[in-house]
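What follows is a pair of complexes built around chain A, which joins chain B in one and chain C in the other.
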Partner chain A sequence: MLTLELNHLRKEFKNKVAVSGLSLKMEEGVYGLLGANGAGKTTLLRMLCDILKPTSGSVLCNGAQIREMGGEYRRMLGYLPQEFGYYPDMKAERYLRYLAELKALPPELIGDKTEELLRMVELYEVRNKKIKTFSGGMLRRLGIAQAMLNDPEILILDEPTAGLDPKERIRFRNIISSFSRNRIVLLSTHIVSDVEYIADRILLMKQGELIRQGTLGQITEGIRGCVWECVAQGAQAEELNERYAVSNLRNCGDKVSLRIVAEEKPMQEALCVEPNLEDAYLYYFTVKEGVGAY
Partner chain B sequence: MLIDGSTASGPKFAGYGKGMVIKMRLMKEEFYKICNRRIVKIGFVTVLAGIWLIFMVIGPWEARCSVGTGRERQDYKRFAAIAKDRELAMQFEGVLTDEVVGRMAETCYFQEYAPNGIAINRNYVNTFFTDNGLTDGTTRGPEPVPATRTVLLENTAMGSLTDQPVYFTYVRGWQILKELFSAGGLLMGIFAVIALSPVFSEEYSLKTVSILLTTAHGKKKDVWARLAAGVAFCLGVFVICTGFMVLLCGSVYGFQGLGCFAGMLDGNWLLSTCWIASISYISIGAFFVRYFLLALSGFLLLTVFMLFASAVSQQNVTSLIMGLVFFAMPVLLWMFYEMTYMHMSQRVSLLFRTVICCSPIYSFFGNAIEQMTTKTMLLFRGGEFAMIMIFCVWVMVWKYRNYQG
Partner chain C sequence: MEKEFAALQKGLLIDGKKRAVALARISKEVREKKIRVTPSLGHRLYVQLHYMEKWYLLFPVLMAAGLLGVVKLLSRQEGWRIELISLLSSGIAFMGIFGAISVSRIFANHMGELEAACFFHVGEIVAVRMILSGLINGVMICVCAFILRGWMREELLKVLVYILTPFLASNCLYFALFLFLREKNMLFVFLAAGAVCACLWLILLCVPWAYEEGMLAAWMLLLLVSVIVFIGEVCLMLGQIREGEMVCSHWN
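Let's turn to the complex of A and B:
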């Protein structure tokens, strides 16, 4: 079974610790990495891709150091960076063919593989258009296609659904779900629902550390009894909104319905409800930090 | 199917291709990327157009031929002048002897000068025997001294360079080629700087480097493929542009005379060229082979430096500026060296002079092959050339592979 193991992985930039001695063992499945901006997600992913050299610690793939595996490791890897780079004047098909060469695909497979992926991400019709004419969503889909070119066993996606419309996001989630069998897919995103739908395990990262990891059930179980729903009058609702982390707020006539994440019961009439991943995210990234308002 | 996960097992495609085949395929891709830029396409056409324009200005546009003397003198201009010069010269084609020089003077007359010092009955033949010191007159010094008689060949600079018979024919085209190559080489150099500045830096600025460095060949073979593609590109530009220059000169002036003694190009100039002067006899063809190889080595050095500059720069414009400074460095050094005491240490100065300045592309600025000595050429050029090349390649590879964002 394919394994990716992080041992006390640490990365420092001058005086800032981006990733702080992180240890984790990943086996086949989809991993959702959640964290606020600056939590160190991208740095972690770049170290996993062997782009960034860790300050200390190691990354092992099937027990071998990825630095020592070199090209052998990169053959197993697909990566979509947060800032997807492309050549503006290159045509989409040409771009994929170029990367296919770099990814060591056999020449006889390159044509079929690029066509297959272009169809999969619905860019086949525009394959001969220059990439600079593509919309943000099309660029993202092209990025996903390039990451899957070599049929990678380890797929690392940094904000893959940014810029995709709801239909594209659903399609993307389905692609990842079907692709993930017998592979490691690590997905970093801000969109909690993406992770909720497809991730087998969720990793919560904060200030360079992994603060929680587990299945959706395990993560939400940790905040059971901390999610409340209540209905309040306008002024009271405003006060609650100021004081607590509110994961949802909806107007119902002259009253306001609130979903609050708090360790204490926010008001007498509040009902304790089942937590979801958004609540957990809010809890770990705002309530635990002592920030009331979200 | 790709997405059903059925093909996932172990490192894939591990057995595909070996060494050179993969590198060649990658090189082809990188070569395509260099050539496919709009600025490269436009730039290349501009360089060829520039070469043609320079050729027309220094060649046919300037060509003048006068036959006869006094009232009988006939003047020709441009292409007609070239044809007449060629016709005159071909009358004396053959081994140059004192008797032939005498007949030349009888047929084409000694040059006569206007009060401003300009020859008024100038043609290829009388220019040849005047400029090569085959008469008692001279065009050097503050005022030209009209000739009254020819002198013995063995007493001339040309005669002293070779003990073999000198074959005379019309070689004006090769004289033009030498001038043209100096200016054309400059255009080629500037074009190479512009074309190669983005090879690595573009990957940083476009942020494609993150993807490239996670591919199987991205960190190793592709770096060498880029180097090879850059060198192949420059070789291609050099061969095409040089070929174009040779063709231009040959088609207008004729291809004859390549086997003639190189002193025919300019005996006095050749005498000061220590590198060639140490060789008793060299043909025009052999001279140009050496001349072009020397230029090519300078061009290759510029190519490798540009790739190095590109690898250490985050932006294309930075590598472009670095390249232009490097390209202009010999000229700047020469200017400061000649004009002020602000010259660099003898050793550093020597390095630049041996490695770069002697490339004929800089002869446009007067600091060129002519100033090099045989010893300098042989002792220092090869070693320092190799040292700079190795340093540039090593830094280039290290910097790109270890890109950290």
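Let's turn to the complex of A and C:
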């Protein structure tokens, strides 16, 4: 079975610790990495891709150091960076062929694989257009296609659904779900629902540390009894909104319906409800930090 | 053959279950088997040559041809010797920017980060591009030196030193800029640096004794220093690429 093991992984930049001594063992499945901006997600993914050298600690793939494996590790890897790189004047098909060459695909497979992926991400019709003419969504789809060129055993995606419309996001989620068998897929995103739908395990990262990990059920279980729903009048609703972390707020006539994440019951009439991943995210990233309002 | 097999099979007892298991295993192997290819250095050079923008290789050729044309015209002037060498040195010093631009283009548009996660690593891509650009520039410099030697009736080695030194010294500046600057548009930085270097080497027109016989040792020393600095810069660059921070820097 494929394993990826992080041992006390740490990365320091001049005056900042981006990832602080993180340890984790990943086996086959889809992992969703959630965290606020600046939590160290991108730095962690870059170290997992052997792009960035850790200050200390190591990453092991099936027990071998990825730094020592070099090309053999990168051969197993598919990566979509947050800021997707491309040569603006290159045409989409030529771009995929170029990356297929860089990924050392057998020359006789390159044509078929490129066509298959262009069709999969619905870019086959525009394969001969320059990439600089593509919209944000098309660029993202091209990025997903290039990450899957070598049929990677380890797929690392940084913000893969940013810029995709809802239909494209659903399609992407289905692609990843069907692709993930016998592989490790790690995706970092801000879009909680993406993780909720496709991740087998969820990793919550804050200030360079992994503060929580587990299945969706385990993560939400941790905040059971901390999610409340209540209806309040305008002024009272405003006060609640300022005081507590509110995960949802909806106007119902002259009243306001609120979903609140708090360790204490926010008002007498509030009902304790089932938590979801968004509530958990809010809990670990705002309530635990002592910030009331969201 | 078929008949022989059929005759042999008559006496065999085939376990249907085991047969199905074996066939399932074979088809699984066929599905999952990955063909692994390790491209040769020749193939890697070919890939870069095939996919890179050809302008970076074509410009030095066009520029060297243009320079030789101008020098040929000026060589008709009686007594012009230092002028010809200075002009050619200045042009060849400028020519070095195309190699630096070709390498810096790898890091533009965040492409370097993506290439760093490929089997054929970004460090290798940089090295291959430098080899290609070095080959073109080297050939052009040799051609220029050979032709100029004929026109000036000078020793080949001497002419080679006079034009190779400005080329390498200027390249040290271009690669230093590449190592320490992260500008939005490196193209303009290199063009400006190229113009400055070209002007600096033209200054030698006002220093005729710089080309006297006795100064050849100084030229060779400068050439040696330039070679050492350039090798140092290349090692530093490849080291920084391996560390990763250079690849992940925001170039634009």
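Going forward, the second predicted complex is superposed on the first by the 294 of 294 C-alpha atoms of A that agree within 3 Å, B and C clash if a C-alpha of one lies under 4 Å from a C-alpha of the other, contacts with A are read in each partner's own complex, and residues count from 1 in each chain.
Assume contacts are C-beta pairs under 8 Å (C-beta built on N, C-alpha and C of every residue); 3 or more make two chains touch, one makes a residue touch a chain.
In this text, all values refer to a predicted model and were calculated from it rather than measured experimentally.
Asks: Given the superposition on chain A, are chain B and chain C in a clash or a fit?
Replies: With chain A as the common anchor, chain B and chain C collide in the superposed model.
Asks: After the superposition on A, what does A:Asp89 contact: first (chain B), second (chain C), both or neither?
Replies: Touch partners of A:Asp89: chain B and chain C.
Asks: More residues of chain A are touched by which partner: chain B or chain C?
Replies: If we count touched residues of chain A for both partners, the winner is B.
Asks: Kindly classify A:Leu102 by the partners it touches after superposition: chain B alone (first), chain C alone (second), both, or neither?
Replies: both
Asks: Tell me the contact category for A:Glu5 with respect to chain B and chain C: first, second, both or neither.
Replies: The answer is neither, since A:Glu5 touches no partner chain.
Asks: Considering only touches as defined above, state whether A:Glu209 meets chain B (first), chain C (second), both or neither.
Replies: In the superposition, A:Glu209 contacts neither chain B nor chain C.
Asks: According to the stated criteria, A:Glu116 is in contact with first (chain B), second (chain C), both, or neither; which is it?
Replies: first
Asks: Thinking of the overlay built on chain A, is A:Arg183 touched by chain B (first), by chain C (second), by both, or by neither?
Replies: First partner only, chain B.
Asks: State the stretch of chain B that overlaps chain C in the combined model; pick it from 19-27, 73-81, 109-117 or 253-261.
Replies: Comparing the options 19-27, 73-81, 109-117 or 253-261, the clashing one for chain B against chain C is 19-27.
Asks: Could you tell me which stretches of chain A are touched by chain B in one complex and by chain C in the other?
Replies: Residues 46, 49-53, 70-71, 74-75, 77, 79, 81, 83-90, 98-99, 101-107, 146, 150-151, which sit in both footprints.
Asks: Under the stated contact criterion, what part of chain A meets chain C in this complex?
Replies: Interface residues on the chain A side: 13, 46, 49-53, 70-71, 74-75, 77, 79, 81, 83-90, 94, 97-99, 101-107, 109, 146, 150-151.
Asks: Going by the contact rule set out above, which residues of chain A touch chain B in the complex?
Replies: That would be residues 46, 49-53, 70-72, 74-79, 81, 83-90, 98-99, 101-107, 113, 116-117, 120, 146, 148, 150-151, 153, 175, 178-183 of chain A.
Asks: Touching residues of chain C toward chain A in the complex: what are they?
Replies: Touch list, chain C to chain A: 34-39, 47, 51, 53, 105, 109-121, 125, 242-245, 247-248.
Asks: If we count contacts the way the header does, which residues on chain B are in touch with chain A in the complex?
Replies: 2-5, 7-9, 11-14, 16-17, 22, 25-26, 29, 33, 36-38, 202-203, 206-220, 222, 402-405
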